[in-house]
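We call the chains A, B and C, going by the order they appear; numbering starts again at 1 in every chain.
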């Protein structure tokens, strides 16, 4: 066998991040793992909260986190990947459901709103993280709340009207029940996102040039 | 010397030609072993200087280099991405652009060659640590890279599985570069590098290197020479 | 969370004509079921869709009717509430149309994933995405992302269980932040490890044909 030749010369630092615009394997993996995180949060039993222990399911938390942690592009991609996986039949939606059937179900509007929610949350997050280091939790909470009020609730109500045949008033009443839980999830999402960005500061930061 | 924007130099300047069949790298945690291995297949790029494999620069020919250099990690679970072993081997074979029928039969051959064809359709979560590491080796070697780089491939294994993985590696045709904390394993190589704080402090035959390393951490066996 | 893949409703080996049918026609039939149910909301459509999906699963995958019903168990609470609401607020025929339609669609989707090996399903998705290559889609990377996602769900579910137990041990299980923070940080770290392992295998970096024009040139 021909002896292999490997030459190593020079100094090594952490010259990992390139300024390449194309996603590398880590970006791809982040998108995939966040899609899995949304699925895991949707499938797993809810966490009991507060003195009454009312369980909240965490699917929308996963969706908002994708935007707040990965930013608009990768965040939206993660949510789209999650939706595609569910639509081709993998039971990753709440209650172990999946398949094109959910498009006929009452929650179709909420599901279709998710990528938009991640997009809006991600765009707002980029604006916050690039501009300020102060009040990040409050600002990211507002980003999450804005995203869910602009996308998830209106589209969810529309879906209830079309697929479950509810009149507008009833649809709004059904939707409003979820609002307090959503505010809790928005707070949680903001707290989590700030922790993640502190632990992995390079996730959304403007990528530094390779050389000083 | 130039420093990285983050100001941390992981490996001091070095000049190496690695041509032996079995090369081991030993040293304390954080001494730069993993950095050295990651340089070889272009997972890390040097801030200064060049790394070349068979004349291909990892900076400009990264993909070509990665195709000829297989990399095995300490924890096989972070390496295996598909639900079952067979599918993971087929995923590796995708880079060779085979038809799906060819992929399937090649995957079967590879699993048989490594003696794990009976585990092919089990979830990688259901395998033992040793079986997982052998599967990770099969997955990486399926594309027949010319060099195998292994980062502490036996650290998470019990004694029996440690022996299994070591004998498997010993029987490979490929050039193998590995790191280990197991000095017996290091002795099975033709050449050993000892790293300390990002610097190569010894480079030579395995037994001399191991003796040097023992002295370095003042853990020479009592009554030794 | 071992064996989570089975409860995830993936492929289970078996016999019957569904297993011998290519993924594409099965996917088309599953989609057609959803379209039909949404487009024509009539009792007849729902009845036909329900009979067809039940019949095909029993004959084509050789399942007992009980097993088919058991596949619906996880979705039963939601379906039950919806049926009750529709029945009380409107009428029971309407409830049958809506809930029966959804049930048929769930079964049709399950028929596809039950009888198609994951790798074949992914190959099918890759073929489906291929025509969009010109618009910048990369079918191989898409399929890879999908399989990493599937692979990560059991890992994250196991992590979630561990983290909850750790929180309970500290008496903090009612604090969602304590429960979810390690899960999310663990997920990000896991993604980084997986990304590195993929890069090491030469996967997930886009087109495999050539080295990309690299802007990481040295001095």
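Going forward, a residue touches a chain if its C-beta (ideal position, glycine included) is under 8 Å from a C-beta of that chain, and two chains touch if they have at least 3 such contacts.
Quick caveat, the model's predicted, so the values are computed rather than measured.
Here B-C and A-C are compared, and the pair linked by more C-beta contacts is A-C. Placing every chain at the mean of its C-alpha atoms, the farthest one from subunit C is found to be B. Here the CA centre of subunit B is 35 Å from the CA centre of subunit C.
Between the Cα centres of subunit A and subunit C there is a gap of 18 Å. The multi-chain contact residues of subunit A, meaning those touching 2 or more other chains, are 15, 210-211. For subunit B, residues touching at least two other chains, in rising order: 43, 45, 48-50. Counting partner chains per residue, subunit C has residues 10, 144, 148, 150-151, 155, 190, 194, 196, 198-199, 203, 205, 212, 214, 216, 219 touching two or more of them. Listed in rising order, the residues of subunit C touching subunit A in the complex are 7-10, 27, 30-31, 33-35, 37-38, 74-75, 77-78, 82, 85-86, 89-90, 94, 98, 101-106, 108-110, 112-113, 121, 125, 141, 144-146, 148-153, 155-157, 160, 173-174, 176-177, 179-181, 183-185, 187-188, 190-192, 194-196, 198-199, 203-206, 212, 214-216, 219. Subunit B contributes residues 41, 43, 45, 48-50, 59-64, 66-67, 70-71, 73, 75, 77-83, 87, 90-92, 94-95, 97, 100, 123, 125-126, 139-140 to its touches with subunit C in the complex. Those residues of subunit A that touch subunit C in the complex are listed here as 15, 18-20, 22-37, 39-40, 43-44, 47-50, 53, 56, 58, 61, 65, 69, 81-82, 84-85, 88-92, 94-106, 163-165, 170, 184, 188, 191-192, 195-196, 199-200, 203, 210-211. Taken in their complex, subunit C has these residues touching subunit B: 2-5, 10, 118-119, 123, 140, 144, 147-148, 150-151, 154-155, 190, 193-194, 196-203, 205, 208, 210-212, 214, 216-219.
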